[in-house]
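Listed below are the structures to be examined.
In what comes next, chain A is part of two complexes: it sits with chain B in the first one and with chain C in the second one.
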Partner chain A sequence: MKTGWKLVLTALGSLSVLVLTASFGSVPIPPGDILHILGHKLLDMPLEGLSPISADILWKVRLPRAVMAYLVGSALSVSGAVMQSVLRNPLASSYTLGVSAGASLGAAIVILTGLTLSFAGMLTLPFVASVFGLSTVFVAMGLAARFDRSMHNETIVLVGMVLSLFVNAILTLVTALSQDHLRQLVFWQMGSFSGKEWQHVAVVTPILLTGVLLLSLLTHEMDILTFGEEQALSAGVELRKVKPLLIGLCALLTGTSVAFVGTIGFVDLIVPHVARRIFGASHRLVLPASALLGGPMMAVADLVSRTVLAPRELPVGAVTALIGAPFFAYVYFKERSG
Partner chain B sequence: MALLRVFHVSAHYGSHQVLHDVSFELPMGEALCVLGPNGCGKTTLLRAIAALIPFQGEITLNGVPIRSMTRLRIASHIAMMCQAPKVYFAYSVYDTVMLGRYRHLRQSLLGRPSAKDRECVERCLEATGISALRNKRIDQLSGGQLQRVFLAQTLAQDPDVILLDEPMNHLDMKHQVELVDYLKAWAKSQGRAIIGVFHDINLALRLSDSVLFLKDGRVAARGRFHAIATPAFLKEIYGLDVVAYMLESFGKWAAFRKTNPLEGGTTRGASIPEPVPSLSLSD
Partner chain C sequence: MKRAATSLVTVLMAALLTLTACSAKPTSESPADPPTTAASLPTVDRAGNPITLPPEITRVISLAPSITQVLDALGLKDRLVGIDTQTPRYVPGLDSLPQFDMMQPDLEAMLALQPDLVLVSGISLYASDDPFKPLKDVGIPVAVIPTSNSIEDVMKDIQFIAGCFGKQAEGEAIVAQMRAEIDRIAAIGATITEKKRVMFEIAPLPTIYSFGSGVFLHEMLELIGAENVFADHQGWMAVTEESAIAANPDVILTNVNDIDDPVQEILSRSGWENVTAVKNRAVYYIDTAASSLPNHHIVDALKQMARAVYPDQYAAIGNPLAP
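On to the complex of A and B.
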């Protein structure tokens, strides 16, 4: 099948899964009804006998949550694909440079102190978390540049790991010393889409879209980087500018996602490998494919987390890891064996 | 004027100085081979010329210091084929060679390859004998095939000077001879230049117009091989009686030839593809 058609089919399948995930729950809403409700909300079409309660459940609760899961899944997957190419490491992830540790610490500070910033209001927690997450990555990059002017991958990964461990240690201490907020802190760190509304979607959409679009302008650079830094320099890539830019954009995608929904692993690690199996290694295809596959995968993980033990919710991070670990082992080792 | 001028260049890794005051010039159309034992600074010299590492001294291309050039500008003049990198992701052979056109792709709308890019890649695939492998995944290739893919990628960059670091590693003899002859013809016919690092003196002699011997990071000699390489000099450089070793090998081949006379075949005139014509885009 031609690559263009494959991409179109993936996009259609991806959006279909998004709609389907919104139809499951305590009140089932068939996909046909979902389209009617969307027509009613967006184009002011009549509801034609559908219950206004169903319409409200879909529009105010399930859809913003599913869309948020889709956006975060797409962003994390794109970010994972880029980090794997920049660091020449198929096991690298969006979190390699400590963005989740930093964001979690920021979130913990807001949860413990009850801090509310006047300009951020209800978005104080995601705002502080994203500032902490991005700051951690920039500190990691700064330290890496100080230790090694050429910023070799080994230095970047090592500094990122050390900083992550350090920030995580602080987070563990803070968590251990604040029994009153323990449950809230732990649940946040494991990720959840619970309570996500359209206002959250409205904030993350432009940030994530901008990040993904800017990254899609650098696909040749990512391709060459997978062959090594000397190869990239020799081909004419301005590594000193391109590498921090790529890592910075990944930090923006991951930091924004983590700040709103907590740390959710594995999707960013697995999805790029699936995308490469279907579309080949060229990032011109891997990036859009990762976005189109990561979105529905996260939406499904969220569906599982809110329905399996309903009305209790499982942490999405645990669901993605439970499904993701064996799936990743299968995909990765099958890929290696050709 | 020399195409490339290396003037009093020194380089070091940390506190370890690898190159000491290396100077030479390379005119257009010439192939120079850098020879010397392991650790004498051959690869470091190539990396300095490609501006991949910091160096002291001056390196100029057509009279312009490479320090004053952007990476893209350097890439339009110099391409380095590094020792084959580890492959992590399964690109197709065609896509891998096309990446050599990076500086050209950057100038096109949305980075799409132009007809010129595609034509150049086709010629490079053909020149390196890998046209039939174009759709194959590079993680499924043998070491020799992969080496030819990266050589094709370097050629696709369409530079004035190609730097080759052990380019014939993993290649069988047929492909070694064909590629060396191709590269020599490429440099001669288009006024380009080659600097190659070789361990195999026979291949180096086949490719080069002149050689540069390095010892402990210093230029031990530079010129025509036959003018500078005495048996005593080679023994001093390599710590081995190279001439005696070669003659011993040739003696065995001479004996072999006596019992197995050649049937008129020579390596000259082997099917050598035409050099890639100049496809330089205006930068």
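On to the complex of A and C.
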């Protein structure tokens, strides 16, 4: 019961952080005004005494951005937790099997060619990027299966790393040779939540929710996998099916996230560890806890990136590590000594 | 148009480098002025390093389009034996010359051209303080012209380049022409009492780049009688989307050229509908090369900016960049 309450409290805290991040920014908008603006936008209430610019900033710029950061933070953390368990490697993360390298290459190709797919329109770049990201992971898995029929974790990680470096090398070459689009490529690779709109949130939400829900149906298998592959086999887990399925779902979560916001690291690596510190190793708790902790952590990192030196914007990828590393050390050592 | 993005990239690289270096070493910090007496050649370059120039320069390598444009204006184009890869986009008739990457030049190939002088911009120094040491070691003078941040320094750069060739008078003439045109704009600018507030974008969403004071584009905004919305800040900066909206500029200028239609991109941004500039469709493109390469062509950008922000007041000023 105690852990149940912990989870409820975490959920409440998590969501209130999201609301708080909406209050802060270049224009401070107090919670009362937020309600006012939401009433105006959602229920068509009159916008007395408030500037339409503040309303636009909150509704069209800040909120979609904060929600996007929250969703991506959650998704990356969940997939990080799963990857660490499946590969039994505390350093594994959502990016281990080359998702981000592949997605970045896909994005670079769209930027360089100016490609627009008729069915994807404005979303061509994220679509192509996620397809490339997913394909890279499937190639990595396919190669790992050829090298090592029983697909040991070491093989998967090694093949993933090598393929990742290989794809990154192509990306570096492409970037170096394309001076005309250097700015777009470099900025895309740095990752950012800037310029995200509700239409992006609307596309990302169902994909990420589906991925997380499917993963949460497999928590029992993940628990067994953490004890090692022999135990998992003897417990009747069909490794050759479950492992690719779990990794594929992680790739879906990460690939979708990277495709929309670029590669933003660190959160996916540390949030699962923090979640395990607080809630123990059972995946029934680790997965929701990772989602509930990763979301606000990313939303806060993004808040810091757009407010600390406002009007200047800092790269969010640097902020996640700058505030994440001390937070991680605090949680880890406090719990250990306590 | 899309091909000319590198000037922007170099500006951004310079900006990023300045950011990461915490502005420890502002590039335009009063390097010693070159002596301009008719007979003597400059003895220090624009970065303050000592150089020894031969009396007659017939073989020169330029590693920046901004420098090559000045050589062109001085009538020295035919003395070039090597250029950077970007130059042919800005100065016609040089395609057949050997080309070098301005950030990673092939020093051996440069050496093989046996230049009397190598002119480089601050961009070529991004990786180390002295990448051209091997050339200097064999006695080839390498003159560094750091990216200038003020109009006054841009003028000194032109005079320095002219001085290297003993063409002080020609350099003076270019600068005098610049001053005359700037004064003409400034005289009108000074009469404008209701200043329009302007935001100038050099990179678009999602990573909007603009600038505060301490950049020649900021000076140019002030000259035309406008107010930079980020005047309280220093140097090149990435600005958050919401602070750009909150600044509520009357006019938005953009010199972005690596997307298809930068003006339309700004006009159709979600959340910007109530920004005065967007509401009044006062969003204008300013020539990328003229507004980012630090040399005499900035006067062309200045005129274009003046006419965009105050079309009535500057109606008599011609637009040299009109298609």
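Some points to look at:
Everything that follows uses one rule, which is that the second predicted complex is superposed on the first by the 309 of 338 C-alpha atoms of A that agree within 3 Å, B and C clash if a C-alpha of one lies under 4 Å from a C-alpha of the other, contacts with A are read in each partner's own complex, and residues count from 1 in each chain.
In this text, a residue touches a chain if its C-beta (ideal position, glycine included) is under 8 Å from a C-beta of that chain, and two chains touch if they have at least 3 such contacts.
Note that the structure is a prediction, hence the values are computed from the model and not measured.
In the superposition on chain A, A:T219 makes contact with chain B only, while chain C stays out of contact range.
By the touch criterion stated above, A:R183 is placed in contact with chain C alone, chain B being left untouched.
After overlaying the two complexes on the shared chain, residue contacts for A:S282 are found with chain B alone; chain C is out of touch. Once the two complexes are laid over each other on the shared chain, residue contacts for A:V237 go to chain B alone; chain C is not touched. Looking at the shared chain after the overlay, A:S85 reaches chain B, while chain C stays out of its contact range. Contact with chain C, but none with chain B, is seen for A:V61 once the two complexes are overlaid on the shared chain. In the superposition on chain A, contact of A:G25 is made with chain C only, not with chain B. Once the two structures are overlaid, the count of chain A residues touched is higher for C than for its counterpart among chain B and chain C. Contacts of A:Y330 after superposition: neither chain B nor chain C is touched. Comparing the two interfaces of chain A, the one with chain B and the one with chain C have no residue in common. Remark: chain B residues 47, 50-52, 70-72, 74-76, 78-80, 82, 85-92, 95-96, 99-100, 102-103, 105-106, 111, 139-140, 157 touch chain A in the complex. By the touch criterion given at the top, residues 25-27, 51-54, 56-57, 59-62, 65, 114, 179-184, 187, 190, 192, 194-197, 306, 310-314 of chain A touch chain C in their complex. On chain C, the positions that touch chain A within their shared complex are 2-3, 5-6, 8-9, 12, 85-86, 203, 205-208, 230, 233, 237-248, 258-260, 270-275. Across the complex, chain A meets chain B through its residues 85, 88-90, 219-220, 223-224, 226-228, 230-231, 233-239, 276, 280-282, 284, 335, 338.
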